[in-house]
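Next come two complexes, and both contain subunit A; in the first it sits with subunit B, in the second with subunit C.
Let's turn to the complex of A and B:
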C-alpha cells in the first residue's frame, strides 16, 4: 500500500500543472471544436450544423480559395525560413564556434533582434520600407539603384517574402544559439581523431559536425514549423488582419482572426465564430499531425556519440 | 452594526457592482488605462461618503493592534500601523461585500441620483462628449451620464463580451447596419420606434442604419452621416489658379496639371484595402448611376456583372497615374500625412477626415467637392452612410433615465452641438453646420446623395460585399485581375448569402 502511494505521488506533483493545462489548453481546444460544429448568427450559437462549417472552409468558394491560399503562404513561410536558418543560421553557428572576441561580439549582435518584441520589429520595418519616406528605397536611390525601389509591402509579389525575411532577421538568433550549443557539446576528441585521420575543413564539417548537430537542427525545424504555421503577429502589425495586399500575405492566423472576429475598423467581414473555430481546428490538426510525425521520425534516428 | 450601514449602501453598492462588472468582463487586451478609468473615478465618492464609517473602523483597528498575539511573527518590530491598515482593508472589504448584497433592492430609491454609463469607441471625442453631456445633466437634474470610450478596434469585442455576460452600459454607442443588427437580433437592445417620437422626423434611409432587417424595428438614434468625396487643399488650388472641375475629363486634366508642376495630385494609395472602398465609393456612383443602380442591385433586378458596375471599377484605373509614387505601398496614415503636410493637393476620402486633418495641421484650408460626373450637368452623387447610433441596453436598470438621454440625442439642440463640437454631419434633420467645409459637404449631399453601396446593403454576412470589393480593387490595381474578374468574384461571393441573387440563378 505504502509503495503504491509512493509510486503515484507524482500525480499530486503534476496536479497543479495538469489543472492549468486542462483549463487553459485542453478545454478551449475541445470547445473550439464544438463551436465549429454549430451554426452561428453573430454572437449567438444557433443550431447544430455537423461538419457544415468544415465543408464550407474546404469546398465552398471563396472560403476554400482563401483557406488554401493561406496554407500555401504558411508553407512558403516555413520553407523559406527553414532554408535561411539551416544555411545561414548553421553557417553562423559554425563561425561563432571558432571563438575569439570578434565572434563573441557578432554572436551577441545576431541575438539582439530576437529580444525585440515582434510588434516593435514590425513597426520599425514598415517605417523603413515605406515607399514615401522609408530609408530602404532612399538608400537604394543613393546607391544608384533607384530602379530597384518598390513598395515592398504593397506589391503582392514582394510583400510576403519581405515579411519572411524580416521575420528571419528577428528569429535567426535563436537557431544560431541552439546550433552553437550543440556544436560546443561535441566532444573535441572526435574532431581531433578525424584530423589525425586526415580529414580537413569541409570533410570535418560534413562527417563529424553535421551528423552530431542534426538532432538540434531537427528540433529547431519542428519548432519553426509550429511557429510558422501559427504566424500572425508580424503580418497583423505590418499588413492588418486582411493579409493584404490582395491576400498576398494572408496566412492561417490572419484568416482565422478575420473570419472569427471580423474587421471592425475596415468594415470588412463580420465575425463568424463557427467558421473561425473550424479554421482553428484545421490549423491544430495540421500542426499537431506534422509535428508528431516529425518528432517520432526524429527520435527513431537519433545519433549517439 | 450592519443594519445602519445598509441605509448608506446603495451608492457604494452600485459602484462596487459596476466596478466588478466592468473590470471582470472587459477584454484582457484592453489597455490598462482604459480599464482603470471607471474604477478610479468611482472610488473617490465612495471614500468620501463612507468617510465617517471608515474612520471609525480605522481607529478601532488601531486600538486593537497591540492585541496581536505576542509570539506572532510580527512582534519583533512595532507593527501597529501595518495591523491597522490590514484591519482597515479587511473592514472595507466587508463593507463592500455586505453593501453589494443589499444593492438590488435599494438601487432605485426615488430622489436618488441615477448614474448612466455610456460606452463608445470614440476615444478621441471624450472632451466634446463630456461638454454635450454636461448640457443634458443641467436640463435633467438627478441623472448623471458617464462617457466611457474603448479602443476603436477592441470596442466590438468588449461590448459583446459584456452584453453576453448580462452586463454592459446603459447607453450603447452602436455601429451601423449589420453591426447594430447583430446586437438587436440577439435581444440586447431596446426597440425605440414608437417610443422616441422624434425618430419619426428622421428620413427613412437614415433610420436604415439602426434598423434590424429581421423585425423592421429601429434600435438606435442615428448620430452622424459620413460622406465620401474629394477633399482639396485650397491654398495649392489658389496658387496654381485651379478651379473645381465640373466633368471627369476636367478632373483628370487638373490632376495632370498638378503632376506636371511636381505636386502629387492625389494622396490616395492602395496598401490598406478598406481605403479603396472609400475611393470607389466616391468615384463609382458617377459611373454606375447612383441610387438607381442601388435600388436595382439590392432588389436583385440586376447584379454586379452589370456593365455599369464594371465601368465604375475600370474608371479607377484612370486615376492611378496621379497617385503618389509607390502607391501600392502607401497606407492610410501615409495618405493622411501626405495631404496634411500639403505634399498632395487632393485626397479622396471620408468626411471624418476633417476633424483629423484639423488636428494634424490646423493651418490647412480644406475644401470639398463631389467627384465630377462624366458630362457636365449630370448628378454629382455623394455617397453617404449612417455612421452609427445611440441605443439602450435592454437589461438596463434605469430605463426611464436612459430613455431621457436617448430622446435628448434626437433633438435639434443635440444635433447642433454635435456638429459644432465634433465637426461631423449630424443625422438630426435640419441641423446646419457652422463649419464652412462641413456646410459644403452638406450642400453637396442635399444636391444628390446616394447610399454608400456595400456598407449599406451588403455587410450582413460573410463574405461581405466590402471585403470582396476592397480586395478585388487591390488585385485590380496591382494588375492581378481585370475589372470583369473582380465583378465576377463579387457576384459569386455575394450569391452565397444574398437571397435576391440566388433566385436570379
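Let's turn to the complex of A and C:
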C-alpha cells in the first residue's frame, strides 16, 4: 500500500489544482457557452431556446443598437491604446534602454500607476477632470487655452477618449517594460556590427531594434486586445453601469454586466441570464478568434527567422 | 566641427531629459495631488487646490479608518489576498512539480489542459460562476472569492513553475532518494527551495491583481462587512461625495500598501507583473 502511494504521489500532488481549476474555471467557462441557448427566469433555467437570445442581441432593437455601439467603442478603445503604446511606449522603451541612473528612475516612475487599482485611478481622474476643481481645466486656463476647458467626462464627444487616455496613463508602464526587456535581450554585437557598417540613429532602430522587438510588440498587442475587450472597471466607476453620458462610453463589459446582473450599481442583483450569456459568448468568440489567429501568425513568423 | 557635434549631442541629451521629466511629472502629479490634499480640510482643498496644507492633519485618515469602515475593508483585502496567494503557491507548485518531474500516461494532455486557461479571461464565465457559488451556499462569503482567484491563478502559475522545475538536474532527485527521502520530501525539502525566485514571481503576479480586483467582489459579495477595499471604496465614494478630504485619504490608503511594496521591491514587481509577456 505504502509503495503504491509512493509511486503515484504525483496524483495527489496534481489533484487539488485539478479540482479547483476544473470546478471554478473550466466548468464556468464551458457552461457559459451553453447558458445563452436557454431561457432563464431569474436563476432558474427554462426551456431550450436555440439561438433566440443571439437573434435578440444581434437583430432586435434596442439590443442590437446597444451591442454594436458597445463593440465600436471597444474597437476604438483598442485602436487608440495600441497607437499610443506602439509609438510613445516603444519610444520610451528605446530611451530607457540607453541606461544610466536617471533612466532607471524614469523607468521606476513609469510603472507606478500600473500598481494602482482601477477604482482608485477612476476616482482620482474624475476628481482631476472635475469641471470646477479639476487640475486639467486649470492647467489649460493657465496655458492660455481656457477656451478648450470643458466637462471632459460629461460631454459625449470627449468622454470615451478621456477614459482611454486615463487607462493609457495607468497601463503604459506595462508595454514599456516588456519592450525594454526585449530591447535589452538583443545581443549588443548586432548594433556594433551595424554601426561599423555605417548605420546610425534611425537606421539602427529601423533595421536592427524594430525587427527584433516585433515579437514582443505582438505579444503585448494580443494582451492589450484581450484586456481592452474586457474593459469594465474604469467605465463602471466613472460613468456608471450604462456607460454615460447617453451610452457614449458603453462597452461590451458594461453592457454584459447590466444585462446579466441588472442596472444596479451596488451589485448582487440578477438580470437576464440568457441574454447576458449570449453577449459573453459573442465576446468569447471575438477574443478567442483574434488571439488565436494572432498567436498562429506569430509562431509562423518566428520559425521564419 | 568637433565642437558642433558635441554641442548637438548635449542639446539632444538635454532635450531627452526634459521630455522624460515632463512625462514623469504627468505620472506623478496626480498622485502627489492625491496625497497632499488628503492632509487638508475639504474647505482648504477647494480654496487652495494645489498648495501644501497650512496644517498637516491626519484627521481625515482617522475618520476614514473608523467611521467609513476602511479598517474592515483593509482587513478583508489582506485576508482574501494573502490566503489566495498562499493557496496558489502551495497548490500550483505541487501540481507543477507533479507535471514536470513525473512521467505517466496522459501527462501531456494534462499539461495542455492547464495551459488552455492561459488566454481565456475567467470573467466570461462569471454568470455560471455566480450560479455555482450560489448553489454551493458560498455567495457573499470570502471563500467564493478565494476559490475563484485560486482557480484563475492556476494556468499561469503552473506554467511558470513547471518550467523551473523541469530545469533542475535529475541527480538531485537521485541523491535525495538514496538518502531515504520520500517523494514528497524530495519536492518539499530539496526541489521547492531551489525555485524560490520563481515562487516570488508567481506571488507578485497573483497578489497585485487580486488586491486590486473589483469585478469579482462586485458580483460575489453583498454584505458591507465582507467587502474588500476596491469595492468598499465605491460605496464610500457614494456616501462622502462632498467630503473631498475623506476621498483623497481613502484613495491614498487604498494605494499605499502596493505603492510601498513596489518602491521597496521594484525589480521583483516589474519581473513579476510582466512575467506573462516576457519569454525566458
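Keep in mind that, in the parts below, the second predicted complex is superposed on the first by the 275 of 305 C-alpha atoms of A that agree within 3 Å, B and C clash if a C-alpha of one lies under 4 Å from a C-alpha of the other, contacts with A are read in each partner's own complex, and residues count from 1 in each chain.
Here, a contact is a pair of C-beta atoms (placed from the backbone, for glycine too) under 8 Å apart; a residue touches a chain by one contact, two chains touch by 3 or more.
Bear in mind that the values here come from a model prediction, so they are computed numbers and not experimental data.
Novice: Quick check for you: in the superposed arrangement, does A:192 touch first (subunit B), second (subunit C), both or neither?
Specialist: Neither subunit B nor subunit C is touched by A:192.
Novice: With both complexes superposed on chain A, which partner does A:287 reach: first (subunit B), second (subunit C), both or neither?
Specialist: A:287 contacts subunit C only, not subunit B.
Novice: In this superposition, which partner touches a larger number of subunit A residues, subunit B or subunit C?
Specialist: Touching more of subunit A: C.
Novice: Should A:240 be classified as contacting the first partner (subunit B), the second (subunit C), both, or neither?
Specialist: Once the two structures are laid over each other on A, A:240 reaches subunit B alone.
Novice: Considering only the touch criterion stated at the top, classify A:261 as touching first (subunit B), second (subunit C), both, or neither.
Specialist: Both partners, subunit B and subunit C.
Novice: Where on subunit A do the contacts from subunit B and from subunit C line up?
Specialist: In the superposed arrangement, which is not itself an observed complex, subunit A uses residues 43, 261, 265-268, 270 for both subunit B and subunit C.
Novice: Once bound in the complex, which stretches of subunit A touch subunit B?
Specialist: 41-44, 60-63, 129-132, 137, 149-156, 239-240, 242, 244-247, 259, 261-272, 275
Novice: Across the complex, what residues on subunit C touch subunit A?
Specialist: Listed in rising order, the residues of subunit C that touch subunit A are 16-17, 20, 23-24, 26-31, 33-34, 45-46, 49-50, 91-92, 94-95, 97-99, 101-102, 104, 110, 113-114, 116-117, 119-132, 134, 140, 147-148, 150-152, 154-155, 158, 182-184, 187, 208, 211-212, 214-215, 218-219, 221-222, 229-231, 233-235, 237, 244, 247-248, 251, 254-255, 258-259, 262-263, 266, 269-270, 273-274, 276-279.
Novice: Mind pulling up the subunit A residues that touch subunit C in the complex?
Specialist: Against subunit C, subunit A makes touches at 6, 9-11, 13-14, 16-18, 20-21, 23-32, 35, 43, 92, 95, 102-103, 105-106, 108-120, 123-125, 127-128, 133, 135, 138, 169, 174, 177-178, 181-182, 215-216, 219-220, 223, 226, 230, 232-233, 237, 253, 260-261, 265-268, 270, 273, 276-277, 280, 283-284, 287-288, 291, 295.
Novice: Can you list the subunit B residues touching subunit A in their complex?
Specialist: Spelled out, the residues of subunit B in touch with subunit A are 152-153, 155-157, 160, 163-164, 175, 178-179, 181-183, 185-186, 269-274, 277, 324-331, 334, 338, 455, 459-464, 466-468, 470-471, 474-475, 478, 480, 489, 492-493, 496.
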